[in-house]
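What follows is a set of structures to go through.
In what follows, chain A forms one complex with chain B and a second complex with chain C.
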Partner chain A sequence: MDIILKLEDICKSFPGVKALDHMQIELARGEMHAVCGENGAGKSTLMKVITGVYKADSGNMYLNGEKVTIREPNDAYAKGIAIIFQETSLFKDLTVLENIFMGHEPVKKVFGVIPNIDYRAMKEKAQQIFEFLGIDKEISFDAKVDDLGVAAKQMVEIAKALTYDANILIFDEPTAALTSKDVRALFQTIARLKESGISMMYISHRMEEIFEIADRVTVIRDGSFVRTAAIGEVTEKELIAWMVGREMNEMYPKAEVEIGKPILEVKNLCKDGLLRNISFEVRQGEIFGVAGLAGAGRTEMAECLSGLMQRDSGDVEFYGSPLNVKAYREAVDAGFVYISEDRKKYGLSVPMTIKENLTMSILYKISKNGFIDFKEEENIVDDYMQKLRVKAPNREFVVENLSGGNQQKVLVAKALCAKPRLLILDEPTRGVDVGAKSEIHRIISNLAKEGLSIIMISSDMPELLGMSDRLMVIKAGTKVGELTREEFSQEKVLEMAL
Partner chain B sequence: MKTQKNPITAFFTSREGYLAIFVAILFVVLYFTTNLSGSMYIFLRDLAYLIAGGLALMMVIMLGEIDISSGTVLGLIGFVTGTTLKMGIPIPAVLLIAVCVGMLNSAIIAFVTVRFRVPSMIVSLAMVKLHVGVFPLLPDAGWVSNIPSSISDVGGARLFGVFPVILLFALVLLIFFCWFMKYTRFGRKVYAVGGNKESAKLAGINADKVTFLTFLTSGALLGVTAMMYWLPKTQVIPSGTIGMEMYFLPIAVVGGVSIMGGTGRPIGILVAGILIAMLQRACLLFGLGNQYVYLSYGLIVLIAVYATVSDIKIFKGKKTVGGAS
Partner chain C sequence: MKGKVKISYELIMFLILAALVVLFGILTGGIFFNPSVILGTTSDIAYLGIMAMPMTFVILTSGIDLSVGFMMVSSAMVFSVVYQATGYNLLIAAAACLLSGFVFGSVNGVIAARTKINPWLITMSTMYIFQSITWFFGTSYAFSTGYAITDFGYGTIGIVPTQLIVLLLVFAVFYILDKKTTFGRYVHAIGYNEHAVNYSGVNANKMKYFVYMIMGVVCALSAMMYLGKSWQVNQTTAVNMNIEVIALVVLGGTSTAGGVGGVTGTLFAALIVGVLKRGLALMGLGGDIYNFVLGGVLIASLIMFAYLEKKKKIVSREMAIKNMDE
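Presenting the complex of A and B:
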């Protein structure tokens, strides 16, 4: 096999996380190579290392058999490697033509000295590329990128990659935001690129896509290489097994809880373009898991329920009465508390102290005539810090300086201060180390034992399976199914979610 | 669906075009209801420095940055140029000195902004206070009086009895920047960095370098602005420039430069510059005080900002091309 690009022993760490651990991958000339793995397995990091956005801590990269180092995006472009990003990286205020040549416009010298951008050469080259991609009739060079649809933006991204005369193209989940019709058009373009001898890497979650267009597939798990296989020699089941491949351990202390009667009933929850007809119920003391890929609509569902986003239609009944909240404040007053997946953005005010963060949402309860009752505030704070075992020198400690796990505990404590009857946890252990993870699981388990109902949204499959009593799987805004604890298996959930 | 618009239609259906039509109507109304023709020369002379200053602010605002010291720095430059002119140094050399002082001021702002990640708003605000604090410490509080009329006559030179020569320079500058922003890689990079810094980095653009160089360009323009402002005058009073950034800022914003960065065209500066210069004149000609000048500026900026952030149909024809949105 004629190998065009080869990576060996690539390691890359971020503070507290090992994103890539001795990862390897090889790309044959003219092949379509799929890269798959779970959420957070390190796929995107690997692609960013290849394209020079991140610099690998160690490891070697060979292009056409020669060792190369890529320090920054320009190096990658110069060597003919280009990437089509997941979120398009276009400049929305500029035109299509200006976008695709940004930073490497063809220049013609006027009077032999003054460098002048050669718009005519740009148009000629763009015309060739657009004709090749078959989009010359659909997209005008002078259209503002902001006015283009998602699919058209993606085509512009591909055209941009081709302006660098790239012979290696990397697609980072290109179909995530496309409709099925646009996906077909994209696949036709990809076929055309392949015919012209361009080698491609393709990151995707979607199994059917991988089996349709890829020649080989490499599986990555927890930043490490699992294996590479030709697509004809592997089944979907095998691929999923390689992606999961972990064992359950003592991470999930699940307490036996008497589960009561239903307290939350959701019927036909709809939100235009995001959610379609989602129905489920949650019982007293139950941990109700919500599984699905990133972008499937899990967070949006939680936001629609808690009033952070207005739903289009659907009935929500909470403790026997309808819950129609216009603002999150009303949801909190009803005992319906949501903990965001993005701790630093929507959860905590990190430059403030633990005490200030904890009582932020209940200040009206602990103050008289506008003055805060400090004695009561301190009692509450001490109480919850002890209960959740927040490891901090004192209650006046600034949250920013706590570890991820302790920050998460503060966030949970803040939610508990509001005396919830139902708690929605969105990715409760994201960015938390293993030790803190099991501690947070213990807290969740204890809360359920005390009769609190919990909806847990998570991308961490073992966590979901280990902690939930029941599980709902969401795919592209619709509910695919529900599993009881007896029916749980990672393979089953992944199969439903993909 | 490829449509090649005629450049003239394209202009008059753009934001700058609508503004130009409005400005033209206002001009005609003023011309026939007041004695605008009598003060035409002053109107055109003021337009010169407003265009140069507007361009200077356009550059930094396009990056998503700001330079509040663009008013008071003119006072500082004025002191330097006034003094050197009185010493008999030829005008081209003084212009060079003015450009250098302007660049130095902007270089300080850019360095602190880029190196220490301090917002340029804060840095330039500090510079304003430094300038205002320095004025009284200068000899004669920075006042330079009795500049020979042989020099101020050069600044006041006119063609055909009414057209100021410095406006000619301003227009040359404007044309240069129209070319510069569209036909040089550097010009495109300014749009890129202002539009989306992260994407610019992914496109292999050194955002910090672009920021620094753009500030330098803006500083050089402020040097030219100061020359255009002071050269026709026989006296330099630095403290008179306090608040002058509030002429340039509206010009940039009204001219279509988004305060978030990434958009704007030099041609908008011309149109907005005429508008601001005309409002100044109009309030004087109608016998209204300075308070009305400021009131009208305030209202115009509010309208301009609203037009930028909202989807007013007339300014922003939304259409989707090719595929779902």
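Presenting the complex of A and C:
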């Protein structure tokens, strides 16, 4: 096999996380190579290392058998490697032609001295590329990119890559936002590219696509290489098993809890374009897991229930009475508390102190005529800091300077001091190190033991299976199914979610 | 940390104020140390200082209000018209004036709370509306001594000018709002991270409305003082006044990025500017020199503030690292 690109022993760490751990991959000339793995397995990091967005901590990269280092994205372009990102990187107020030559416009000299953009040369080259892609009839050079549809924008991106004479193209979930008709058109283009000898890498969650267009597939898990296989020699089931891989070796402190009556009943929850007819119930003392891919609508569901977003239709009953909140405050007052997945953006105000953050949602309860009762505030803060073992010198410590795990504990404490009857945890251990993670799991487990009902949204499969009593799987805004603890298996959940 | 005096921005401001007083005292051969002179320095800036207090709150929420000058003059004109029409009834005129300030501020507040338009653009637009109101009322309104309003703006209680007392009272109210109430906490929190405020079940938009509304009411209060001090207003009175008010807030160490700062710094800034203005005038130096010096002081204070903030960050980061190791 003629190997055009080869990566060996690639390692890349971010503070607290090992994103890539001795990863390897090789790409043959003219090949369509799929890369798959779970959310957060390291696929995007790998692509960013290849295209010079990130610099690997260690490891080697060979292009046509020669060792190369790619310092920045322009280096990658110069070497013929281009990436088509999930979100397009086009300038929406410029024309198609200006976009595809952005940063490397052909130049001619006026009077032999003044450099000027050579529009004629640009048009000629663009014409060739557009004809090759078969889009010369559909997309006008002078159209503003903002006026194009998603699919057309993607084609412009591909054309842009080809202006660099790229011979390696990387697609990062290109079909995520496309309709099935556009997907067909994209696949035709891909076939054309392949015929002309361009090598491609293709990141995707969608199994059926991988089996349709890929020649080989590489599976990545927790930043490590699992296996590369020819597509004809592997089944979908095997692929999922490789992606999930790890054994349930982490111990989850799941306490035996007497599960009571249903306290929350959701019927036909709908939100235009995001959620369709989601129904479920949660019982007293239960940890109810919600699984699904990123963008499946899990967070939106939580926000629609808690009044942070208004639902279009659907009935919600909480402790026997309907819960129709217009604002999040009403939900908090009813004992329905949501903890955001994005700790730094929505959850906490990180430049403020632990004290100020912790009491933000109950400040009105501990004040009289608008004047804060500082004594009571301090008591509450000290109490919860101790209960959740927040490691900080004092309550006036700025949250920004706490570790991720301790920030998360402050966030949980902030929710708990509102005295919830139901807690929605959205990605409770994202960006938290292993030690703090198990501590947070212990906290969650204890809360359930005390009779608190919990909805836990998580992309961390072992966590979800280890902690939940029951779980439901959401895919593209609809409920795919529900599993009881006895039926739990990572393969089953992933199969439903994909 | 313990035992050592913490070098805060406010402390530096106080030292600068003291140094300026001493400096001008020496340069003017002692005239400046005369209590009536030194207390009188506030009469040039009290009306600006009063407006700078709510402006501090506006800027703490990472907003801005460019319309303050014309809000002030429009409500001053409302006062004048009602004052004359009611046969110089101070109470009714004052109520009408405050009400107009409330309405003007509410216009800004409602737009700032209900839309996502940048406050720079909102208040720049409403500024033109308030300006046109001053043209609608007409050219000039003047009062000479003998009216109650001039006593309010020009009088003294003992040797202390009424204006200084009003400034300190307004400062005290805003200081308490800032430090003791939920409103003050929310104002800072909105400036730091508005999302987190909304995700805590607090209606950040309502708070923003209050901030701009209060700004309008205090502009009206300032209007009455200004009338009493200057005895007259006309359409050009408010030109550049918004910049003068904002300059006091910025000089006082409140960050336009939101969150950081407070009214104590603003008070010191107002006092410093008052001393500078009067001191330079007593030395026979004109407005051009004053502007030059004020610009220099502003730049110097901004550089110093940035330096102190950076140092504060380094110290707290070091504490964070120490905290990790334990």
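Everything below uses one rule, namely that the second predicted complex is superposed on the first by the 495 of 498 C-alpha atoms of A that agree within 3 Å, B and C clash if a C-alpha of one lies under 4 Å from a C-alpha of the other, contacts with A are read in each partner's own complex, and residues count from 1 in each chain.
In the analysis below, a contact is a pair of C-beta atoms (placed from the backbone, for glycine too) under 8 Å apart; a residue touches a chain by one contact, two chains touch by 3 or more.
Note that the coordinates shown come from a computational prediction; the quantities given were computed from them, not determined experimentally.
Peer 1: So, does A:393 touch the first partner chain B, the second partner chain C, both, or neither?
Peer 2: second
Peer 1: Using the touch definition from the top, say if A:346 reaches chain B (first), chain C (second), both or neither.
Peer 2: second
Peer 1: By the touch definition at the top of the document, which applies to A:414: first (chain B), second (chain C), both, or neither?
Peer 2: A:414: touches chain C, not chain B.
Peer 1: Should A:13 be classified as contacting the first partner (chain B), the second (chain C), both, or neither?
Peer 2: In the superposition, A:13 touches no partner, neither chain B nor chain C.
Peer 1: Given the touch rule stated above, what does A:372 touch, chain B (first), chain C (second), both, or neither?
Peer 2: Once the two structures are laid over each other on A, A:372 reaches chain C alone.
Peer 1: Would you check which partner chain A:446 touches, where first means chain B only, second means chain C only, and both and neither mean what they say?
Peer 2: Neither partner.
Peer 1: Name the contact category of A:228: first (chain B only), second (chain C only), both, or neither.
Peer 2: A:228 sits against neither chain B nor chain C.
Peer 1: Both chain B and chain C touch chain A; at which residues?
Peer 2: Shared contact residues on chain A: none.
Peer 1: In the complex, go through chain B and note every residue touching chain A.
Peer 2: Where chain B meets chain A, its residues are 1-5, 182-185, 188-189, 191-192, 195-196, 198-205, 258, 262-263, 318-325.
Peer 1: Considering only the defined contacts, which chain A positions touch chain C in the complex?
Peer 2: Spelled out, the residues of chain A in touch with chain C are 308, 327-329, 331-333, 338, 340, 345-352, 356-357, 360-361, 363-364, 367, 370-372, 391-393, 397-398, 400-403, 414, 418.
Peer 1: Under the stated contact criterion, what part of chain C meets chain A in this complex?
Peer 2: Checking each residue of chain C against chain A gives 180-183, 185-186, 188-189, 192-193, 195-203, 259, 316-317, 319-320, 323-324, 326.
Peer 1: Going by the contact rule set out above, which residues of chain A touch chain B in the complex?
Peer 2: Its residues touching chain B are 53, 72-74, 77, 85, 89-94, 98, 102-105, 107, 115-117, 119, 135-143, 147-152, 155, 178-179, 182, 185.
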